[in-house]
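Heads up, the next two complexes both have subunit A, just with different partners, subunit B and then subunit C.
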Partner chain A sequence: MRNKISNYLNNGDLKRFRFWLQLSLFIFFVYGGYIAINIGDSLPTFSCTYVDGKPGTCFLVPLQHRMVTTPEKLFSYAGTAILTGLFYFTLWFLVFNKAWCGYACPLGAVQDWITALRKKIGMPYATYSWGQFKLLKKIKYILLLLLIFIPMGIGSGIFSHDMGVPFCMICPARTILPIFSGDFSQLTIDFSSKTKMIMTSLGMLITGIFLVGAFVKKRFFCFFCPMSALHYLLSKPAFLKLKKDGSKCTKCGDCYSVCDMQIKEIADNITDRNILQDDCIMCFKCVAACPEDGALEVDFMGQPIFEATVQGYIKRMEKANKNG
Partner chain B sequence: MSMHRLIVTFLLGMLFVNNLPASQIYWLSDIAPSKEQAKEMRSSHGGMVIQGKQGYSKKLWLRKGDSIVDSTYVKQSDVPLILVAPNASQTQVAFSNKEYADITYEMKNEGYYNLFMIDRQVVDGVLQENVLKNEALSHSCRNGHGHVKDMVPPLYFKGTSFDIIRERLPRESFHLRIGSGDIVSYKVLLNGKPVSGATVTMSTQKGWTKTLKTDSEGRVAFEMIRDYYPPWHEFKKRHMENFLIIAKYESNESGIYQGKHYNNIHYTATTAGNYYPSAREYKSYAYGLLIGLIGLTSSIFFIYFHRRRRANQYQEKRLA
Partner chain C sequence: MDNQLQAEKKNVPFNRTHQAIEAERMLRRIKDGFQDNPVAMDYFYDLYEQVYCKGESLHKDEKVIGTMCVQVPDELIYAAGGIPVRLCNGFYTDDQVGAEFMPAKSCSLVKATLGMLDKRSTLSFVDKVENIILPATCDQKRKAGSMISEMGYEVYNMEVPPVKESEEARLYWQRSVHNFAVSLKKITGQKITKANLKEALAKVAAAQKAYRTLHNLRKMAPSIFLGKDAFMVTNAYFFDKIENWTEAVNKLNAELEQRITEKITAAQRRAPRLLFTGSPAIFPNLKLPVLIEESGGVIVADETCSSSRMLYDMVAVDEYNTENMVASIADNYLKPCTCPIFTKNDDRKRKLINMARDFAVDGVVYQAFSGCQVYQMEHSSIAKALKAEGAPMLFVESDYSPDDMGQLSTRIEAFIESLKAKRRRKR
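Presenting the complex of A and B:
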């Protein structure tokens, strides 16, 4: 029985499963609030607060709000609120790890749909050189630090209150996701102060770049996402894991070639068992594309739930060839 | 204290208080009487608050007059008040009467605090029932926004026979700032039921006044005027103006109150609010789309030329 279930899962069509799960979760995170769903404000994904029908709120919003404080208050009652939020965020996060990015993030789904459109047109996608990759991957950590320290600067009177929620102001989720519920109000420039004008202009400029970037580069924005950086800091104890058995790896490079995030380690690293990297979105396309039995596997609390197998690989390839 | 006990205590207490002088309009205001007192207050979602270490407090002053400009601050009043917290708990409170008849209460919970002052007296055979109401919002973004939606609807208070309720706007949230051009509607209730034909007057801080009568559903709707025209460099989107609402209704009911016979009841309810410049004055779709388009087209050109440069074959240069 156990073998039957694992065979069924290992031979499964991950692409189809992922498409439907992403679509369902997109509908949930954009319209769930309309049916009175409320799952809190510590979600480890872009359940954008600017979307009217959100069923919960992205953790980065309360984090930025709560960091608007003075260093003294940070070590008193304000710190308690931050730690409470972080506690709930960690609880959500521990279950699904970075699969929040690969399966649940509505902005991630939008990027995947833009990629599907590009594929349909037949336009080649872009990749970063190794040098660019190493340099650009640092941006998400810089953004994470900024979204913590700028609000602290507001609390200390260094920056204007108009700088509030600085990351949200430049996040394409703020401008794009509300459109799906008919709200175009985030596509405006706010001329009420210089700070607001600069921040909203930056937001719209990044939105324009995002649309083209996501068209030519798979998961363009995820590479710069501070939520992804925050995820990685907490990913070690998470229940869902991506594991690699280096002794079974032939370094064929299939996993690397299907990786939307261009993670080289997935193919090159044959020593680490836990292969999760900071840029990984846990889409598990690498596991589905691996032709070696047990070289890559997805574990949940130590139990393998999806494993690379020769049989599964052949089945998926046959289906892909059949579909052209 | 249970609601019924509180209301009975409140009504019994009213037998022994000195009523406010009749034939005057009274209202509760969060506008400080002096610059010194205004300094301890700051603007928050929903109006002026005092920021303490444990959270926000609301300070209100009893004022006399039918317009914001001409209203004076009352020095003393011992008419009791009822404070209804967002969790529906009710407490009886009183004015401090130190320098003015003012009241300060802590807003420990998120949501709307409703303060009521009910003054009843029979003057010349007319029962004058004055209801002073203040609805104050307590919200800090630090507490998140997931809980907000359920707390937006207004309070329908059973402790007063005459009430005026601000109906919520379709886009209402704890971040709402009523702006010029918004339609703000009020519902007037008598014994919990909408009353038609009541007179409702709105007067703004700058003296604009409009009087309407409630329709069959007890509703009046005011379109907020635009009265803020500073030079552009001085424009502040958080520029707040106050308005006063006075609802009046006369009924020919007769009866006895505190041993005095009356043939009519004159109901008056007052409440206040504030409004800001409309977002349409400082937000631009045209510039937003233009900047978005600049980002979009410059990215397209960048990628096009980058790919073209890479696609160009190496060509050997000839010197001659």
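Presenting the complex of A and C:
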């Protein structure tokens, strides 16, 4: 029985499964609030607070709000609020790890749909050179630091309150996701103050870059996402894991060539068992594209739930070669 | 000498030429020297007879493109409407002809290939080859290129990086493959498009799927399939029509699965299981594998560029546009390649250790052609790595000449006896 189930899963069509799950979760995160769902404000994904029908809120919003405080308060009651938020965020995160990015994130889904559009046109995707990759991947950590320190600066009176939620101001989720509930109001520049004007203009500019970027590069924004950086800091103890058995790897590079995030380690690293890298969005396309039995696997609390098998690989490849 | 050979070619019917006799002798040994060959093997025996003993062409009105190493992507040639034929040759007769091009102590395979391409050889007339794709792999192949072009062939030199781990190497090779894909249009007259490349990918993938099944069937213990036949199968991929080959391998797989249920084995239960690695065993130079199996061993797996290295790793494509397909194909022909010309051989060690485990082998036979420096140089590090795994290794330096047959059979018998004794001790 156990064998039958694991065979069924390993032979599964990951692409189809992922498409439908992403679509369902997108609907949930954009319209769930309309049926009175509220799952809190510590979600480890872009359940954007600017979306009318949101069923919950992205953790970065309360984090930025709560960091607007003085150092004294930070080490007393304000700190408690931040830690409580972080606690709930960690709970959510620990269960699904970075699969929040690959399966749940509505902005991720939008990028995948833009990619599908490009694919239809038959345009090849762009990639970064290795040098660019190493340089650009640091941006998400810088953004994470900024979204913590700018609010602290506001609290200490260094920055104006108009700088509030600075990351949200430049986040493309704020401008794009509300569109799906018919709200175009975020696509404006706020002239009420100089700071607001600069921040909202930057937001518009980044939205433009996002749309173009996502069109030429797979998962363009994820590479810079501070949420992804925050995820990685907590990913070691998470229940869902991406594991590699280096002794079974022939370094054929199939996993690397399907990777949306250009993660080289997935193919080249043959020593680490826990192969999750900071840029990984846990879409598990690599596992589906691996032709070596047991070389890559997805574990949940030590139980393999999706394993690379040659049989599954051939099944998926033949389908892909036919439909392309 | 020249005239003599010319005369021979003109007057002697194909099946009486030196090559045909050499081929027939080995074929008979492989076919008749063993009992209970799978019925599906007849396809392959007949194929070799047709090509090498009778000299019949398989690709009459096709654009045949000769390839000189595993690194040439077959998918691209098929997509451009050509038929890739691996020219790596195993004939002693050609080795002797080729000897005049190369220094005395050089690789038999390279010499035999040169000898075959020399207009005096009978084999060069089997399939008319004008264009030859030569990846810059080892020194001898590299230098053979200019000699081959002096013979009047169009040689396309494909650049291969000497290091394969770095990002630079990957990009360099991707560019090299890309340029090759573009140049193919000039050779065949057909442009590689999304549609024909996709079709070619599926064609090669189907062949690899069949191979992978056969490869895994050889894990069975006691063994249900002999290594000499496995070499005949993979070697046929060099020149056979790919669809026919795939179909024949699938039939063979079905028969072998049938044999499992009927409990028919190809070797004795106690026959030592061997892994074959090193310089490729190419028909009719199958003397080492045949000697091993005549002496009671059974080759259950092989790691050579005439078999597993050529067919094992399969290409996965994320997006089916020509550019990305070509890049994925390129990666697949470089990254997993365990050719000893690359600086490091960690991947080869890992692969051999993994194979030794997976196929439960008792020992390893490492063939190096005298003159093939890269294989000779890797031998001690491989022996060490395998020893640490508990797999003893026999290093055999040999060439195409039949002179060392006696010496070889003594060494192989002794090795197999020692493995048997080790097994007994274990029990």
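By definition in this document, the second predicted complex is superposed on the first by the 323 of 324 C-alpha atoms of A that agree within 3 Å, B and C clash if a C-alpha of one lies under 4 Å from a C-alpha of the other, contacts with A are read in each partner's own complex, and residues count from 1 in each chain.
Quick note on the criterion: a contact is a pair of C-beta atoms (placed from the backbone, for glycine too) under 8 Å apart; a residue touches a chain by one contact, two chains touch by 3 or more.
Quantities reported herein were computed from a predicted structural model and do not represent experimental measurements.
J.: First (subunit B), second (subunit C), both or neither: which does A:N274 touch?
T.: neither
J.: When the two structures are overlaid on chain A, which partner does A:T57 contact: first (subunit B), second (subunit C), both, or neither?
T.: First partner only, subunit B.
J.: For A:I314, is the partner it touches subunit B (first), subunit C (second), both, or none of the two (neither)?
T.: second
J.: Could you look at A:S160 and tell me whether it touches subunit B, subunit C, both or neither (first, second, both, neither)?
T.: After superposition on chain A, A:S160 lies in contact with neither partner.
J.: Between subunit B (first) and subunit C (second), which does A:S24 come into contact with in this model arrangement: first, second, both, or neither?
T.: A:S24 sits against neither subunit B nor subunit C.
J.: Can A:Q132 be said to touch subunit B (first), subunit C (second), both, or neither?
T.: A:Q132 sits against neither subunit B nor subunit C.
J.: Write out the stretch or stretches of subunit B touching subunit A in their complex.
T.: Listed in rising order, the residues are 54, 141-147, 149, 235-237, 282-285, 287-289, 291-300, 303.
J.: Taking the touch rule as given, give the residues of subunit A at its contact with subunit C in the complex, in rising order.
T.: 119, 122-125, 130, 246-248, 250-258, 264, 267-268, 270, 285, 289, 291, 310, 313-314, 317-318, 320-322, 324
J.: Using the touch definition from the top, list the residues of subunit C that touch subunit A in their complex.
T.: Listed in rising order, the residues of subunit C that touch subunit A are 165, 167, 194, 198, 201-202, 205, 209, 212, 216, 312-324, 327-328, 331-332, 335-336, 347, 350-351, 353-354.
J.: Give the list of subunit A residues in touch with subunit B in this complex.
T.: Interface residues on subunit A, with respect to subunit B: 33, 38-41, 49, 56-57, 61-62, 65-66, 68, 77-78, 81, 85, 126, 175, 184-185, 187-193, 200-201, 204-209, 211-213, 216.
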